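Consider the two complexes below, in which subunit A is the common component and subunit B and subunit C are the respective partners.
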Partner chain A sequence: MSRRSATRIATGFGMWFLLAALLVWSLGPVAVVLFTSFKGSSEIYSANAHLLPDSWTLQNYVTVFTSSNTLRALLNSLIVGLLAAIATLIFCFSAGYALARFRFRSSRPLALFLLLGQVVPLTVVLLPLYQIIRSLNLLDSVVGVAMAHLVITVPLVTWMMRNQIAAVPIELEEAAQIDGGNRLDAVTYITLPVIFPGLVAAGMFAFLQSWHEFLFASVLTSSTAARTGPVALTEFATEFNVDWGATMAASVVLTVPVIILFVLLQRHFIGGLTGGAVKG
Partner chain B sequence: MTSTQGDLMSSAESTTVTRPKRRRRTGRPVGLMMPALILTALMFVIPIVSTVVRVVGDGGSGLTRLFSTPDFAQVMFNTVKWTVGATIGAMVIGYAGGIVLRAKQIRLSGLWRSLIMVPWIIPGVVGATIWRWSLSTDYGLVNRYLMDLGIVSQPVHWLSDPSMVLWSVMVIQIWVTAPFVVLMVSAALAGIPEERYEAARLDGASSLKILWYITLPGIRTTTAVAALNLAIWALNSFTIIWVTTSGGPAGASTILPILLYQAFQNGDDSLVYAVSILQLAIGTVCAVLFARTMRTDLREQS
Partner chain C sequence: MAVLPRTAAFIAATTAVILAMAGTVTYNIANNSSNADAVTWWVPDWDYDTAKKLVTAFEKENSGATVNLVKTTGDTVANRTSVALNSGDVPDVITESTSRIKGYARKGQLTDLSGQYGPATPKSDFAPGLVESLTDQGKTYAVPYRWATNALIYNPDLFEAAGIDSPPRTWAEFEEDAKRLTKGNVVGTAWPMQGDPSDLTLRLLDFAISDGSTIKNGAPELTEPSVKNALDLIGGSIRAGWASPSSFELDNTAIHELFLQGRVAMYQGGVFDVDDAVTHKAPIATAELPGPNASSVGTAQGSGWAYIVPAKAQHKDAAEKLVAFLGKPANMAALTLTFPARLSAFKDAKFQTELREPYVRQLTDHSTPAPDDPRWTATIPGVHNETQKVGLGQRSSSAAAKNIVAQADKALGR
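After this line comes the complex of A and B, so read on.
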């Protein structure tokens, strides 16, 4: 064996080793939560714990769904997410269309303004936003939380929309107008259907951002009526006797929709992430 | 994916700088922009302006109070340590991951990439809760395995030892953000022309030299963008620290956003505004750097 091919094999081996280490680092904690959620409480609080459960049980999931407010919180999260996604699409489609199709004097500052909206720390807008929502009498309501979530989604999705619309040749719209339609017809029957998949992806993306959000949701809600999933999860863990089994089960339940959506729209999701980056 | 980013930036620029002659109509689509603009005004401009007004209005007494808090130096030190540490950690792991995913020997890299993305896509609260459990002193598997391996002799108080806690939460932030760097680096690496590697190999360059003279310069802009994003996220990070430690014990893991939130909870509005304006000042520096990086990126592409 030549020295060169020996080096190559060693490099290959090293790469696979690195990959394995990376996967353990990324997925190890996830495995812990998944397996812990199937453990009984005697096993969870055992001094001699290990990763896999000795006996599998669904007890924690039963607790989550029957004797806690998690189900209500998930429903709230769903409503907030849908409201936020729909409002985001309406706002961002019109703004994205304007940025993609028109050239006007203030388009550059406006575009930059929206992009820089990403850099503003969320905590900085916390108090003023709280006051705005309070003055609208929307504290502790799903509508109020959804409104707050637009702060996160609108700057980013406007950029996604803008790029998708710009990718549709304007000749298509012009052709429709030559055939006798007005501009609105052209947009309704040509542009919207063409970018529909992108629209769905952007909507799901906004939904995910809302589903994740914790800071605004925890400040703007005070009762189970509007509390979202992430907030409910921390409620589990702040009580004196933390039910870690149920907390782990609730974590899994909160993550499953995210994984499903991610698998469905991975391509768009990754594009969106690297395209404009997301608030942490 | 770099191409996504490239598209975004270059097309953003084409709106305004290259000015295609025929495709675009001039006009005043202000009506179309209105909803998003009003919203942005309501959500960003009003908060920022009201912050400035309030701080100026109370004669800077909030700021004075902030600067004279005995813990202020510690909070700033924590913030810097946390930001620098989390950024460097995520960059190192992200680069390793990006290079591994592009290695010729690795098959199914798409699958591995998706799996590595998991910490990034799960909700922040869930990520923090997972770690809070894994790092628990008595029942956590981290201590368990470290003791089995003989690395530590007794359970480590990851989240309750003041000298340890900031490093522990930093690990969580790195765990969450490193996948973003993996993604960006592996995409950027795909954009380096194969000919460059071939030419270097023909010249007999070693792998290390190729890494140093071709790979790293080829993804320089990505490095800058990723580092800036990481720093901004770390500076603005709230959820991970709040869910795991609430800034404690004894303020050992308190950074600026946590301080702001505590003031908010206490109803101490003038302190909230003072921290806000400090965060805004830091954020502005980041924004300027961000805009300049984008510009360099555009120049390199043209």
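After this line comes the complex of A and C, so read on.
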């Protein structure tokens, strides 16, 4: 075996080992959540803990489906996530287009200023946001939570959209306008289809940010009618103990829809994340 | 120029979404459906079902009164209450942890409820020091309704098997018994070193205040020797092997589960754990906390929940009437699984079991309210960290005690 072949095999082995380690690192906690959800409480706290249950039980899922508000919370999370994603795309595409296509004196500082929204801790904006949502009479409503989540999603998605749109040559839009279309036609027939993977990625990003957000949702909601998944998980913690089995089962129930969504859209998601990466 | 189909669809979809959002906001602003005359009471989910029954009784007793119950959870109540009080958009009554009430009161966010106390509700009927702990500059800002301390929970079967005929009464006996009990899969005791840092700090402080440290005006006054002795007990026990080395991975729930499995022989726990062990038919007995020497019983910190009325509550009179109703001994007894805050409510049969007797003695004779000064609360992670280091053998008890006392004194401005 030549030295080059040996090096190649060693490199390949190292790469696979690294990938395997990363896989275990990232999926390990998910596996613990999944298998713990099928364990009884005595086994969860067993001194000789095993990953797989010794005796499998569906009791935790029975608790989740019959004695909790998890399903309602799941529905609320879906509605809030979709509302947040749709509103984010509308606002951020418009803002991103303006920042990418229109040259005005403060366009770049303005774009950078938007990113400041990402570095401000959520607790700082919690109180003013609460007062805004209250003044709109949207406390304890899914619409109110979705609007609050725009604070998290809009800054970064606007930046993502700006870069996606800037990567599309302006000449393509100009060609559409030469052919008789107006600017809006150029956007709908040229720009939107070209950046579609980016839109999907941005929409998924907004959806996921909304899906797992806890702080705003916990403060802005007070009833099961509007409570989202992460807040509903706290219902399994009483004053003195935590029902970890039911918490894990509810986590699985709340996670599966997102995994399915991600698998269905992952092609667009990966394409969208890399789109616009080389030209901004 | 004609609008192309895709452009028209894009404009229509965008307009529809924006109009829907604007319409929802406008509709909500125009139609405030809340019952403006109802008293709103934020109640934790574990009290909700009983609270509903009490509200029905209150509404029956006070014709025309309406109470709107809003459920909170243990993990969300602090944030929600804080935001509500800061924003001024408040309910009329909130069930809050006693540990946070002084902080709100010092910001002027609570109604003075001193008028709730009198011949029908004497302050002396409450657990020792409890009403005082909710009083600031002569005004009492809350009516406590449930109160609890830890006591010693032990497995009588394991004690018998180890030839121990009674629970430990001193720290020396506690250590000696734990060493005898540690055998095979069983450890003498365990500490909640994982999870909420305040759980471990509570135990450390229980030992320290049993041995010379004190709590004044909601803030601990720590002495180095007492903290060192407390650290020796907790950290030293892990290093010596008579407390579970897995303490670093255990929270309160996990220790209780290991006790149910017969793997932890004794621990400091609340009465809720006792009820759960009885439900699981696990062997269990209880005793007061051991003290530093034969002449003293260990002191336990009490903590609990109380009713507060925000300063900006819209229906203060009705809210105070509701609080007075809830403050009756029978209603306090109904609304707690631990112990009521009023001693006269202890007469209820559910508090008179054999397993609860040591808790009653602990609570009435050997307890003090847990510190609630926000400046102390801010030091808890540091205290937890030092205690863990002693357990890991990375810090001596003396050095850690010195650091803890210094941190506390600095935070409390001494």
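Quick notes on this one:
Here is the rule we use: the second predicted complex is superposed on the first by the 212 of 280 C-alpha atoms of A that agree within 3 Å, B and C clash if a C-alpha of one lies under 4 Å from a C-alpha of the other, contacts with A are read in each partner's own complex, and residues count from 1 in each chain.
Here is the rule we go by: contacts are C-beta pairs under 8 Å (C-beta built on N, C-alpha and C of every residue); 3 or more make two chains touch, one makes a residue touch a chain.
Just so we're clear, the structure is a prediction, and the values are computed from it rather than from any experiment.
In the superposition on chain A, contact is made by A:Val119 with subunit B only, not with subunit C. Annotation for subunit A, partner touching more residues between subunit B and subunit C: B. Look at A:Ile86: by the touch rule set out above, it reaches subunit C but stays clear of subunit B.
By the touch criterion defined above, A:Gln164 lies against neither subunit B nor subunit C after alignment on the C-alpha atoms of chain A. In the superposed model, A:Leu127 makes contact with both subunit B and subunit C.
In the superposed pair of complexes, A:Thr191 makes contact with neither subunit B nor subunit C. By the touch criterion defined above, A:Gly181 lies against subunit C but remains apart from subunit B after alignment on the C-alpha atoms of chain A.
Residue contacts after overlaying the shared chain place A:Thr63 against neither subunit B nor subunit C. In the superposed model, A:Leu215 lies in contact with both subunit B and subunit C. Once chain A of one complex is fitted onto chain A of the other, the partner contacts of A:Ile44 extend to both subunit B and subunit C. Comparing which residues of subunit A touch subunit B with which touch subunit C, the overlap comprises 44-47, 90, 126-127, 130, 215, 219, 231, 234, 237, 244. Remark: subunit A residues 11-12, 15-16, 18-19, 22-23, 25-27, 29-30, 32-33, 36, 44-47, 49-51, 90-92, 94-95, 97-104, 107-108, 110-117, 119-130, 132, 150-151, 154-155, 158-159, 162-163, 166, 170, 208, 211-212, 214-215, 219, 229-231, 233-234, 237, 244, 247-248, 251, 254-255, 258-259, 262-263, 266, 269-271, 273-277, 279-280 touch subunit B in the complex. Those residues of subunit A that touch subunit C in the shared complex are 41-42, 44-47, 86-87, 90, 126-127, 130-131, 134, 136-139, 141, 143, 180-182, 184-185, 187-189, 192, 215, 218-219, 222-224, 231, 234-235, 237-242, 244.
Looking at the complex, you find that subunit C touches subunit A at residues 1, 4, 6-7, 9-11, 14, 17-18, 21, 24-25, 28-29, 32, 42, 44-46, 70-76, 79-80, 83, 86-87, 89, 185, 246, 251-254, 256-258, 260-261, 263, 270, 272-273, 276. On the subunit B side of its complex with subunit A, the touching residues are 1-2, 4-5, 7-8, 11-12, 15-16, 19, 23-30, 32-37, 39-40, 42-44, 46-48, 50-51, 93, 96-97, 100-101, 103, 105-106, 112, 114-127, 129-134, 138-139, 141, 144, 175-177, 179-180, 183-184, 187, 207, 225, 229, 232-239, 243, 256-257, 260-261, 264, 269, 272-273, 275-276, 279-280, 283, 286-287, 290-291.
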